[in-house]
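Per-chain numbering from 1; labels A, B, C and D assigned in written order.
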Amino acid sequence: MELTLEKYLVWMKEFAQKISDQKDYLSDLDSKIGDGDHGNNMARGLKAVSESLAAKKPTDLTTALKITAMALISKVGGAAGPLYGTAFLEMAKLSGQTTDLDQLLVAAVAGLQKRGGAQAGDKTMVDVWLPIVNKLKADQLTDEEIQEAVKSTKPMEAKKGRASYLGERSVGHLDPGAVSSGYLFETMLQAEVGK
Amino acid sequence: MKKIINDPQDVVAEMVDGMVRAYPQLVKKIPETFAMIRSDQASMKDKVGIVSGGGSGHEPTHAGFVGKGMLSAAVAGQVFTSPTPDQIYAAIKAVNTGKGVFLVIKNYSGDVMNFDMAKDMAEMDDIPVKSIVVDDDIAVENSLYTQGKRGVAGTVLMHKVLGAAADQGASLDDLEQLAQQVLPHINTIAVALSAATVPEVGKPGFELAEDEIEYGVGIHSEPGYRREKIKPSKELVAELVAKLDNSLQLSKDKKYAILVNGMGATPLMEQYIFTHDVLNKLAEKSIEPTFVKVGNYMTSLDMAGISLTIFELADEKWLDYLNYPVETIAW
Amino acid sequence: MKKIINDPQDVVAEMVDGMVRAYPQLVKKIPETFAMIRSDQASMKDKVGIVSGGGSGHEPTHAGFVGKGMLSAAVAGQVFTSPTPDQIYAAIKAVNTGKGVFLVIKNYSGDVMNFDMAKDMAEMDDIPVKSIVVDDDIAVENSLYTQGKRGVAGTVLMHKVLGAAADQGASLDDLEQLAQQVLPHINTIAVALSAATVPEVGKPGFELAEDEIEYGVGIHSEPGYRREKIKPSKELVAELVAKLDNSLQLSKDKKYAILVNGMGATPLMEQYIFTHDVLNKLAEKSIEPTFVKVGNYMTSLDMAGISLTIFELADEKWLDYLNYPVETIAW
Amino acid sequence: MELTLEKYLVWMKEFAQKISDQKDYLSDLDSKIGDGDHGNNMARGLKAVSESLAAKKPTDLTTALKITAMALISKVGGAAGPLYGTAFLEMAKLSGQTTDLDQLLVAAVAGLQKRGGAQAGDKTMVDVWLPIVNKLKADQLTDEEIQEAVKSTKPMEAKKGRASYLGERSVGHLDPGAVSSGYLFETMLQAEVGK
């Protein structure tokens, strides 16, 4: 399952579109258990990713991943910025050695956990990334699996990020970062990246 | 939402420009960023730079405290959203005189991660960087398994203390030690009468009934620990001082500084009445603070409410630092 | 009404006590009054005292401007109600060093009459007293047959100019002349998003719909000249600057100072955005102000809104007076 | 029509009671065309008058009038304080020479107009004081005359005081100072002061 530049660009285009479409929904989710800006943050970031990729026209995957990481890091802000940014930066770093999607995502999720310190069950995007990377490695990733991972955050009590200030009151709500991560992987499947 | 703004997407850009154009003698912007540094930065020599920052919406924090004797730079993020590492890094580079840079970070996951990334970038440039993560809000219990306590109005006192020390020539290591010593002695707790409305969101972060208040809210409309009917100022003070007494073990044999902080929409009249009640409550414990400051310092947009910070002056020098003269927009 | 107060009847007493207890190094109370004087008044020699005052609810005006280089005393009335002559007289007596006392009065019938009576009392004591009645609000037309224009935020600039001159040794006659020269060059106009709620009244002075603003309101919820739907900051600025242009005949060949004043519940973020738009609007006329100040200076309790003051610096010295160092709570 | 100390004290007692009873109504009137404090101002002032008279137990009319003036001047504040205060101070001054009620009130209204500069028709308390003093001189003062004088302020456009900022919009509302002045003269009749 090799990640090519072409597929990667399609993926990012679809992801940006999805985020833009779901911007208000993501912010709504965030206003329930956070500060209501996740949709705006992600939309601002993905707009920058699209513009930056369009302007710089990368000719190799590493450059494309790096451009993505930098745009996310410098435009998203908040908690999601460094997390998504780190994930793509780790992929960029590894992509010099391998373009295998599984391995890239394994590196990404490791970076993400290192940056944010979240474990499985802490009600963060990590609760989507971890199971999905596992399913992908087992070649079992489907839209349903993604939905399930996203939904798994609903009954959890947040231990990291702003939602953690709610304590028990965070139970019963989807984690916004998990939802946006769900979109990342949905659009990855749509773009047939691994095919 | 009724606000004096233009496009909600432009609030930070326009605010930052308004600020640097209003006070060119004090602050200037690093081009292409929302980072503001001292206008006299070029003349700075041999002093450690102090950089703070965070989401916008807490004005005059942080840029209002940039200037001689306080911060070297402030980095503004989007509203209630941490600034990005590239901007923080730009500020670090701009204020480093060769003696390194000290970062003051409020304990929010976004802030911590973005400042950490900026620190990594600066270290790749061989700029020595150290930092403190301020977590003065005692409303939230600390715990290894969570994000821990939040950083709120006490951060302003941290800026003041470190800024004075840096201006007097403290080294990067001195500042780190000072910050760590000071940190546990600054405790804050708030009460909200209404929540803030983020311009891009367009509605308040939470709703309180016309006769309700909430104790322990954060500066981004994070929930507090209890809601109840509004009470006289005296009783609000009794609740908040009891919490602070519990965490700081207030004693008549110690010295204290007090910061009464309006959250944005609370008039000074109410802040002074509240202060009056705080001083009475402390007097019951035979405590007379040696330093008191009242006003809007760490706000939360148009939130109505107030926070009380008590800073135990465990070291005599700390009072001197608080009284050290500064040239800033807002101290 | 949701406010951090105790008994609404006690708001002024508790506020004044809160203020003098918070800042004993700067202000002290004349016993049995709501008049506050400089803590170092006893050391004052050979300088004309400057006394201002008015109803409470405009904090930090007036007591926030008591101190070296600005006011000698401030007298606080009940909320939005002029202080009484006996209290003003007590302040006059307390700050007279033998060189006389200058009164700064805002043009409201109550203020004018009460200060006049105090002046009569002082003159019976052979204390020379002169005064200026500030009427900077251009929203209301002046007319021989009415009360005339109101005194609003520009009063703070009058305090600053006179305070600096007095500190540099100006005589009572000098101050009178200076005040009269300065007066027509200070013009102010405001826009309100909501009205103030006086504690003893318990409901807002007027009602604006959720999407309505009113141009030209005063600082006690006096009505303005037009209501309309809320507009972007840029358009509010265009309206207000056009009014000021009309009254001051703005010209690129003159120098100006700007005061952007928050009315109490308007966050600094909005004030800076508004400032940004003001500076842009003036730039269209090739005007770049030589002095800009932004913040809550002449408030109206919890009113949301903003006022814009333009001060034409017809004399070079006036800028020096604005920049003259002061030691006050709030300048 | 001589004003005696005894009658004066009864008058002030009744006036203070009336103001206290009508405090909210006066403030309501003031909030329509002023700043909503006239009832509070007057109530604070009359309470001080009562307390001061009770504490100082004046034994002559001049002292009683002076005590009243000082209490009003130092407690009412706003516009009403100096106006009512000046009126009573002028009565105190003249009362050394004469205790004739007409003459005292003529002096009072002159002081009031000098202090505030209001003319008949400016929609102020002067629009009650002037006609009433005239009726009194003609020995024709009745409750109806007082009511009429008070009501006469309704159609007027305010030229003095805070209400003047309303311009035409002040038309159609009673002037609060006129109403409180109406109470002053009503209670004067009730106390049978001039009888």
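Quick note on the criterion: contacts are C-beta pairs under 8 Å (C-beta built on N, C-alpha and C of every residue); 3 or more make two chains touch, one makes a residue touch a chain.
Remember, predicted model here, so these are calculated numbers, not experimental data.
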CA centroid of chain A to CA centroid of chain B, Å: 31
Separation of chain A from chain D, taking each centre as the mean of its C-alpha atoms, in whole Å: 75
CA centroid of chain B to CA centroid of chain C, Å: 29
Junction residues of chain B, two or more chains touched: 79
Graph class of chain-chain contacts, one of line, ring, star, complete, other: line
Chains that touch, pairwise: A-B, B-C, C-D
List of chain C residues in touch with chain D within their complex: 55, 77-87, 108-110, 113-114, 116-117, 140, 145-147, 150, 198, 200-201, 205, 218, 220-223
Complex contacts: residues of chain C adjacent to chain B: 2-7, 11, 14-19, 21-23, 56-57, 59-60, 64, 79, 191, 193-194, 210-211, 213, 230, 232-234, 236, 258, 260, 264-277, 279, 292-296, 299, 301-302, 304, 306, 330
Chain B partner contacts - residues on chain A that touch it in the complex: 27, 31, 35-37, 40-41, 44, 70, 73-83, 85-86, 115-116, 159-162, 164-166, 169
